[in-house]
Each structure stands twice: as structure tokens, then as C-alpha cells.
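The following pair of complexes shares a single chain, chain A, combined with chain B in the former and chain C in the latter.
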Partner chain A sequence: MNKIKFIAIKEFRHIMRDSRSLIIVILMPIMMTFLYGYAINLDVKNIKLAIVDFDNSSESRDLTGRFYNSGYFVKSEKLPDMESPEKVLVAGKANAVLFIKPGLAEAIANFSDYELGITVDGSDANLAAAASSYAKMILAEFLSSKFSSGQTESGVILRSKILYNEDLQSSHFFVPGLIAVILMMISALLASVTIAREKETGTMEQLLTSPVTPRQIILGKVIPYVILASLDGLLILLFALIIFGVPFSGSSLLLMMFGLIYLTTALSFGILISTLVKTQQLAMMFSLLATVLPTVMLSGYIFEIKNMPVVMQWLTQLIPARYFIMIIRGIMLKGSGLAELWTESIFLIALTIGLLTLAVKRFQLKIG
Partner chain B sequence: MFATIFALVKKELIQVRRDSNMVRMLFVMPIVQMFLLAYAVNSDVKLIYTAVYDFDKSDLSREYIRSFSPGEYFVTGSSKYSLLECEEGFKNNSYNVALTIPQDFSNNLENSQPTEVGFMVDGTNSNSAAIAMGYAGVITQQFNSGLSANSAPIKLAEKRLYNPEAESVYFTVPGIIATLITMITIMQTSMAIVKEREIGTLEQLMVTPITTSQLILGKIIPFALIGYIEMTLGLVLGILIFKIPFVGSVALLYGLTFVFLFATLGLGMFISSISSTQQQAMFFAWFFSVFSMLMSGFFTPIANMPQTIQYLTYLNPLRYFLTIVRGIMMKGATLSTLYPEVIAMAIFGVAIFTLSWLRTSKRVK
Partner chain C sequence: MEKAVVLNRLSRRFGDFIAVNEVSLDVEKGEIFGFLGANGAGKTTVIRMLCGLLLPTSGTGMVNDFDIYRENEQIKRSIGYMSQKFSLYQDLTGKQNFEFFGTVYGLKSKLLNERIDELTAELELSEFINRLAGSLPMGWRQRLALAAALIHKPKILFLDEPTGGVDPVFRRKFWDILYRLADEGTTVFVTTHYMDEAEYCRRISIMHRGRIVEIGDPRELIKKYNQPDLQETFIKLISRESQNE
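Our next item is the complex of A and B:
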């Protein structure tokens, strides 16, 4: 125990000595939370839509009005010229063009067949998907208002009730996920250097000739970073609560506990990388390349896992952030407890144990 | 002059080649990531899992439930939880929506009475929740007017230009390549000078008759080459395996890539000039990598962001490069439409290089 303590103290001194790095480690996550908490959301609005209205009737103007007043679409900067209306899409001046052919008014009056055309710029898949689903929704609303006059008092009335995020605040969904993503990246980055640095500066041999076991070295090295990363975690959590007003309906103790487990996973991953490479540069590059894109893309932070192909869904099971995002969203937004989160907890704990054992094993192998 | 730079470039390339781990990281890892992540981007809202509590169990109620299913949105099924413990299902994510049909549903409808239906939505994911409510409203209106989505005479014919099958891969793969090139060039250059300083070889370089600009050029040319090789690898594999279309001019893309690399390498040099250890350089590189990635419009449209944040994205070379890559590859865009992006990247590159040149020459002395 004592030996672990000494290694931990030594590592702590290392951290404290480079005060600039320390400031960076504490300030950057906060800046990131602030920036991306605002930037990342899927509240699609301001889709630039050009409408080419050849019908020019009161019905077509009604439809045009519904599109522009929906909050999802805005008028495009440039009106398309009539010969080649799709040209506006190439320059990115509009994201979609809606064509209203002559005959819309008659079609509504006679209940006859008619086709509206919408051309969407598919090169931005996110925007295209949003444009097409909102267009369908607006059209469906338009049609039911035209064809179901007078029947409204009798039929089915839908009483909607929103649970958990009643105001449908996008930030309440994304900020907890952001915490998980930032913690994963910074912890892996921090830990990945520790052993590589000793190797690079040649102090590893000194450590190894001293009477400490590999397990003690690793534990001694992880502990200071667990403390540092927890501090980071607490700060960004506080920030999320104060600036973004993310609710906290569950148990903070439970979140702390899972937070510690999650940090250990991320740090173990960093240590594992550290045992695989020889230089600090490689260690840091490895940990960044291995955490940044996969964590952001496969954790469910932005893209829902259930929408991915099945093979990809399996792949996401290897991403620790996936489980922690479910846990932190569950605890903060829904007030979930262990009863609901036990599957995620088991997977997360299994990953932690797996990574930590692997790191210790690799480290022992290196020595032997 | 050129001989000196050439010698430096050669030295850097030898250093990279000697380290087999580095080679693997620079060329294998990006390709592996491209394959693993290609299908992850998909923000279409679909598959809203719906628990149905049908207390009426009549033909009418079943018809109402069926009207939810044919669309691409709702997946209906009965719940394993009773209505009293319905929230359990929300908490463990078995479903995101619960539909409750009361016992007097068909009775009321047959007597032309209004009847209420409960629609509970998990608001955690605000975007899916809003879309779910919108669709449920439309479906209900259509049910009321005796109109199903398929029988309405007026239809919306949708056409997607450039990416007709709405393959998210076409959009994701170039995005991943561009992001990885950004990350790798920033990381590599940000280390370049700081590493020499930390190991103490910078003094050695200083006593040789190398000027600051030669040193900077010698450091960035190898990484520009690596950037080009990576892009070529990614593009060839993307086109061969993911069948990504390439409509525009290859030469134009390669030419504009130069401007882009100029900007990211400049950013790396700038980081190198403000950091005193490799670790600090890496933290900055991390910060700017994530910044480029999340603020580029790759994952979420820039138009969604608050106005002030949108201004910040103008400082992001990747933002412009993504527009250029998509423009050239999918739309066949030419310089006549892409020039604003090119100018912006060039200005960024010149500015950041001047800054880092000033800082480096000061520190060298």
C-alpha cells in the first residue's frame, strides 16, 4: 500500500510541476462543454428552401406560408431562375427546392391526383433527412386541414404528455453526453503518456529495479489521474447544471460511483496504450485517434445507436462511453436507479476489469 | 536553400519510416476507422418504439393502431409493463413512446363523441420526441378524416440530388477522411518543433546555418506529403469499396487540398510555437482537433448553431474543406462556386503561418 502511495505522490508532483499543462487540463474541458453544449444540437431549423410556385393560387400560397411559418424552413437567399431551378443547390444557396406545378387548387377542389415535387440537396445527409421529413409533415398537415373540415369535434383527440424533458431542450439531451465524451478523451490522453514518458526519459529502468511490482506501479500511476479526472468531471458537471440548467433528478451518489468506474475504464485504456508504444508522441496520437472519432460517433452522443446497421450496433458495445451516456442521461434526466441501469452497469464494469487486467498483463509482459 | 530544406524533409521522413508504430498509426488506423465508422452517421428519425395499451380491443382501436405502423416511424407492440409501471419501460429504454387507448374508444367514436387517446413521449431526445409528436398528430388527423396517408390524392414526389439513395456513407466517408487528415496534420506539426526542443536537438539545429523559414518548411513538407498520401488512400478505398461517386475534377480537389493542408499545418505550427512541452502541444492539438470536427457541419448542420457560435466556425478550415470535398465529389462544383471557401482557407493559412513564424523566430533567438 505504502509503495503505491509513493508512486502516486511522485506522479502527483509531476503533474503539479507542469502548471501550464494543469491549467490546460482543467480549463479546456470547461471551454469545450461551453462551446459544444451550445453548438451541438439537432433542432433543425433554417433549412434554406426555394419555392417555385407555378400554380399561384390561394391554395399554393397557403402551402408556401405553411412551409415558411413552420420554423423549419427559411426563404433561400436566391430565388432560382426558371430554366434551371436546381442550380441554386450546387452553389449551396438553397438546401431544397419545392415545385408547385399548376393544378394544385383544382386537385384539392376535385380530390384528384396531383404531385408536388421537392428536390433536396443530398450531399449533406443530415440536412436532407430533416428537410424531407419536415416537408412530409407539413404537407400532411396541409392536406388534413383541407379534407377534414368540420369533423374535428368528434374524432380522436390526441393528448400528448412529455416525460422527463418537458420543454424539449436539446441541450438537456446533449450536454450529459458531452460530459461522457470529454471525460473519455481527456482521461485516455492523460494516462497514455505516463508510462511512455518514463520509457522515453529512461526512468523506467530505475522504477523497475526498485522493489515495486508492476501492479503497484500501474495503480500508483492511475490514482493521481483518477483524482484529476474526477475534478474535471465535477467541474464540467457543475458547469452543465449552472449554465445549461440540465436537471438532476436521480441520485448524485450513484452518478459519482459510475463516474469513478467510467474514469477508471478510460484511464486503463490510456495506460494500455502507454504500454504498447515507446514515445510520448505515439502514445498521445494513438489515444487521440482511438478515442475522438469512435467516442463521438459510436457512443450514441449524437447518432442514435438503434438507427445503425446491426453490425455497427455490436461494435458500439466496445465503446465505454456508450454505457456511461445511457447511465448519465438516465440518472440526470429520468431519475433512473440501479434497477433500470443494471445492464449498462454490468457491461461498463466488465469493460473496466477487462481493460485494467489487459494493461497490467501487457505491462508485466514487457518487464519479463 | 532548397538543398537544406530537402535534407530536413528527408530527415523527417526517415524518422517517420523508422518507427513502424508510427507508420501503422498514420496509414492503417485512419483506414480502419473509415471502415468501422462509415455507417454510424444517420440522424434520420425512425424506429420510434411504441408501447401500446389498448383497453378497447375493438376493430376501430386496432385500425387506429395500425395507422401508426405503415409509416417509417413507429414500431408498435404491446408492452411487457402494465400501465401502472409504464415508466419502467421509459427508464430502461424499452420504448420511447406509449399510446393508451381507453375502453370507450370505439363506443365514443360510433356515437360521434370525441374520444381522448393518451400519447406519452420520452422527451430525453428532444429532436425525436418533437418528430414523434408531430407524426402522431398527423396520423390522428388522417384517421379522423377517414384518410390514410396512401389514399390522399396529393403526394410529395421527392428527389434527392447528388446523393439519390440518401446513402449516408457518401457523406460520412469523405467527412471521416477529412477529419482524420486534419487531426493527423495538426498533431504531427504541433509536435514538430516542441519535440526537438524537449529532446534538446533544437539547439543543434540552431547552430547549423538553417533559417527559421527553412526550418518551418522542412518540418511541414513531410506532413503535407503524408496528408496527400492519406487522402489518396482514403479516396481510392472509398471509391472502390463504398462506391462513392466522384463527379467533379480530381485535379481541382488535389489543388484545393493544398490550400487546406496549408491551413491545418499552419495551425499545427502555431500550436508548436506556443507550447513548451510535447504534452502541452498535444492538449492544444486535441482541443483544435475536436473543434474542427464538431464545428465543421459534419455531424450537425452549422445552421442549427446559435449565431455567435456560427461566427466561430469561420475560424475552422475543415468547415470550408468539407464544403469543397462534397461540392467537388458529389455535385461536380467548380472554382466559380467554391472560391469563397478557397479564399477563406487561404486567408486563415497565411494569417496563422505569419503568427507562428513571428513566434518561432522570437523563441529561436
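Our next item is the complex of A and C:
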């Protein structure tokens, strides 16, 4: 126990001595938070919408007006041809087509069932998702303006061809995911570099001729980075809450617990990388490549997993961030608890145990 | 005489390559043993096996009466190791390095501080102990590394080319320290390419391509091969071995 403590203290001394990398560790998350929070704004505006109005009533004209005045939709350059409205989508003249079948006005008056159809160009998944949720929102506003509160709900529903991404604000969506990306990147990077450095300078050999076990080395070296990465996570979280106003509706204790599990995964991954490389530079490149790309691309952080080819969807199951992002979004945005998140939790814990075992085994074999 | 190291037909293979081929040797307690050989002869591999960094493929070995296969832990506690590479933390001060390695060997703070003061005085390190190890000239670094290897009073000191890249004055001082250690009963097992250093050893062995080709008192070896000095003896032996292949 004492040995682990002293390895950890020594590691802290390295960190404090190397002020440049300390600054990187603190500044990078802040910069990335701003970058993802502001610059990469995926809120979609100016969606080109063609409306095919077969009802042609005051109600349908009101609805049309609401769409075009919402700020999200603009009129398409070309009106669709009545027989085959999809053509405008194919030609790229519009991003979405809204069909108002005859009978909207009657449906509102009689509370009868009625279906509005929206077809969205799915080639831009993000835009498509946004378009259908905006349309829903606008329709809901339209309907609530027609019925005073307390009245029975109308039978008017919107049928859209693509339906997901309920959360509209992209910063709400991105910042929790960002915590997953940054924690993975920083932890894997730091852990792999710190071990590679000891290999490179020969101090690892010196350590191994002394009576410390590889396990003690791993633990001692990793503890300071758990603390550092947790601070990073908290920092981004504070940014998310204060600057981007991301809601936090779930349990912070639960989030912390999963945060630690996720950190363990990331650090194990870093240790694993350190057993594959000999120099700090390689460790750095390897861990950036092996964490950032898969974590950003395959975790559902930016791209919807549902839209990926099946093979890629299988691959995403091996990405720890996939589960952590679902957990953190669930906890922060929806206030989910263990009851809702148990599948993700099991997958994440299984991955963590697997990676940790593999990392420790390989470390003992290669370095011990 | 008690033995500090006993090796019997110790071998180590890496795939098809036989790095160490049936090496047998004894080192007595308190002697300075010179472990010589050309580059790539397998010296470092032997030292790594003695220090518990590498398991042998076959043969037996005892270090401080502990088995090198099974009693790794006990061996590690009783040896000091200094490699050809400077392997202290360069971004820590000498003192921080000592503190770290001391605690790794389980020294409690009171004892550790005493030991640091002792070594600082013995190796005349007081000027340098509070500076970053990486900022010191080579000679001082080596002495710092030696002090770190001695922090837990090991019974055997393994030194793998400890004086590479160090000027003659420093080398002489370094050897003075080794003599003093041997007088106090520490066994010193040292590899070197400097033949003047090898002559300081009580006994030497010469390794060539994984085998030990000669072992004995350096002065007697010079006589045996009828050479002016150890350097010529070494060259003669190595070239004879190379021709025999």
C-alpha cells in the first residue's frame, strides 16, 4: 500500500514539474468544450421545405405560415409536382416535403383522426432528424393554439418518414458526449505516455529490479491520472451547466460512479497501448488515433448509430464511449436512473473488466 | 568462502538465438567481479537474469542463496542494480529520487533520511542532491545512480557498464567507491569495456557469443597468454575464439 502511495506521489511530482502538459490537460478540455459547444453548432436552420396543400383551407394556410415563419424552414426553390412530390427531394430542390391531405379543417373541428405526412431527405441524417422534430414541434404549437386547454386532444398526428433525435438543442446533446470523448482521450493518452516514458528512459527496468510488483506500478501510476481526469470531467460538466445551460436532471452520484468506471476503461486502454509501443511519441500517436477517431465517429456522439451500416453498428458495441454517452445523456438530459440504464451499464462494466484484465495481463507479461 | 552468485550451465534463448549458452561461474562474497565481453556477447542478458528481470531457459542460478527461478522477490530485496542507461527520474531532484527508491524498498522515513545523509556524505553529493537529476553532468549522474542503487544496503551490486561516457577522473573516483564497498563486504558484479577498470577487479570472466571463454585473476590471465596488458589479452582471446568458429 505504501509503495503504491509513493509511486503515486512521484507521479504527481512528474506532473507538477511538467507544467506544459499540465496546461494542456486543463486547457484542452476547455477549448474543446467551446469548440464543440459553439463552433460545431449542429442546430439546423433554413431547411428547404415544399408544402403540398390539398386541403387549401384557412387552417392549412395557417399551418403553412407557421412552418415558414418558424425560422427553421424556408420555402423550397421549386414547388413539387403534384403527382410525384418526391422528385424535388431527389433533385435536391427541397430537404423536406409536407403533405396536407384534404380534411385538415374538418379534423380540427370534429376532433377526428387525421394524418399529416412529412417526407424528409435522409441523406443528411442530422438535418433529417432536426426537420422532423421541428415539424412536430410546430404542429404541436399549431394544435394547442386551436384548442384551449382542457379540451380533448385532437386526432391530428404527424407521420414522418424519419423519426429520432428528440433533443433539439445540439449543445445539450453534444456537451455530455464531449465529456466521454475528452475523458477517453486524456486518460488513455496520459496513462500510455507515462508508462512509455519509464520504458524509454530505463527507469521502468530500474523499478522492476526493486521489490515492487507490476500491479503496484500500474496502480501507483494510474491513481494520479484518475484524479486529474476526474477534475477534467468536472470542469467540462461545470462548463456545460453554467455556460451552455445543459440541464442536469438525474443523480450526480450515479454519474460519478459511471464516470469512474469509464475512466478505468480509458486508463486500461492506455496501459494496453503502453505495452505495444516503446517510445512516448508512439504512445501519444497511437492513443490519439485509437481513442479520438473511434470515440468521435462510432460512439453515437455525432453520428447516429442507427444510420450506420450493420457491420459498423456491430463495431460500435466495442466502443466504451457508446455506452457511457448513452448513460451520461440519459442521466443529464432525461434524469434516467439505473432502471432505464441497466443494459448500457452491464455492457460498460463488462468492457471495463475485459480491458482491465487484458491490460494488466499484458503489462505483467511484457514489462513484468 | 561464501558465494554471492552461483551459476550452473545457465542458458537463455530468444527464439532460435542462443544469447547465453551454458554459463557457469561463482562469485565470492565481497569480491569485485569483472564481467567482460565484446558487445552482444550476452553480458546484459546474464545480468538481467541475475536481477530477476528475465527468466533463464535452462540451467540453475543462485543469488545471495536465493533461487533465480523461484525466489525473485527475495533476490530483488538484496540486490542493487545500475544499468548502462542513466535510469533515475531526470525531472526529479537527486533527493526525490532517493526518497522514491528508498520507499520502494520499504525504508521508513527516519531510516531513509539517515541513509540519504550517509550516502550524500560518502559519495560527496551534497552540492547536487537538490538539483534536477537531468541537469547534472554525466559523472555526477552516475554517482547519483550509484547512490540510488545503494539506498537499501544491497548485498550485491550489479553494475552494467556504469562508467560509460564518464571522464577518467570520475571513473577513478567511482572505482574508489566500489573498493570501499567491497571492503565493507558488498559484492560488486560489474561489466565494463575499459580494461584499466577490469584490472582493478579481483577476478574477471570473458564472454564471447554467449559462452564464458576464460575466467580468473586478471594478472594471471595476462601472464597465461603472455601479453603486455589486459587489453591485448582480451583482444587476443576474442580473436582466437572468432577464428575457432
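Everything below uses one rule, namely that the second predicted complex is superposed on the first by the 243 of 368 C-alpha atoms of A that agree within 3 Å, B and C clash if a C-alpha of one lies under 4 Å from a C-alpha of the other, contacts with A are read in each partner's own complex, and residues count from 1 in each chain.
By our rule, contacts are C-beta pairs under 8 Å (C-beta built on N, C-alpha and C of every residue); 3 or more make two chains touch, one makes a residue touch a chain.
This is a predicted model, so every value here is computed, not measured.
> Have a look at where A:L231 lands relative to chain B and chain C in the superposition and call it first, second, both or neither.
neither
> Between chain C and chain B, which one touches more residues of chain A when both complexes sit on the common chain A?
So, of the two partners, B touches more residues of chain A.
> Of the two partner chains, chain B (first) and chain C (second), which one does A:L318 touch, if any: first, second, both, or neither?
neither
> Quick check for you: in the superposed arrangement, does A:S210 touch first (chain B), second (chain C), both or neither?
second
> Once the structures are superposed on A, label A:G202 by its partner contacts, choosing first (chain B), second (chain C), both or neither.
Once the two structures are laid over each other on A, A:G202 reaches chain C alone.
> Thinking of the overlay built on chain A, is A:K3 touched by chain B (first), by chain C (second), by both, or by neither?
In the superposition, A:K3 contacts chain C only.
> Once the structures are superposed on A, label A:H14 by its partner contacts, choosing first (chain B), second (chain C), both or neither.
second
> Should A:F173 be classified as contacting the first partner (chain B), the second (chain C), both, or neither?
The first partner, chain B, only.
> So, does A:A109 touch the first partner chain B, the second partner chain C, both, or neither?
Touch status of A:A109: no partner.
> With the two structures laid over each other on chain A, which partner does A:M32 touch: chain B (first), chain C (second), both, or neither?
Touch partner of A:M32: chain B, not chain C.
> Just which bits of chain A does chain B share with chain C as contact spots?
Chain A residues touching both partners: 18.
> Provide the residue numbers of chain A that touch chain B in the complex, in ascending order.
It is residues 18, 20-21, 24-25, 28, 31-32, 35-36, 38-48, 86, 89-92, 104, 107-108, 111-130, 132-133, 135-137, 139-141, 143-145, 147-148, 151-170, 172-173, 185-186, 189, 193, 276-282, 284-286, 288-290, 292-294, 296-298, 302-304, 306-309, 311-312, 315, 326, 329-330, 333-336, 340-341, 343 of chain A that touch chain B.
> Using the touch definition from the top, list the residues of chain A that touch chain C in their complex.
It comes out as residues 2-3, 6-7, 10, 13-14, 17-18, 201-203, 205-212.
> Can you list the chain B residues touching chain A in their complex?
19, 21-22, 25, 29-30, 33, 36-37, 39-47, 49, 64, 87-88, 90-93, 105, 109, 112-131, 133-138, 140-145, 147, 149, 152-164, 166-168, 170-172, 176, 179-180, 183-184, 187-188, 191, 195, 276-280, 282-287, 289-291, 293-295, 297, 299-301, 303-306, 309, 312, 323, 326-327, 330-333, 337
> For chain C, which residues are in contact with chain A within the complex?
Answer in residue numbers: 51-53, 73, 76-77, 79, 81, 83, 85-92, 96, 99-101, 103-106, 148, 158.
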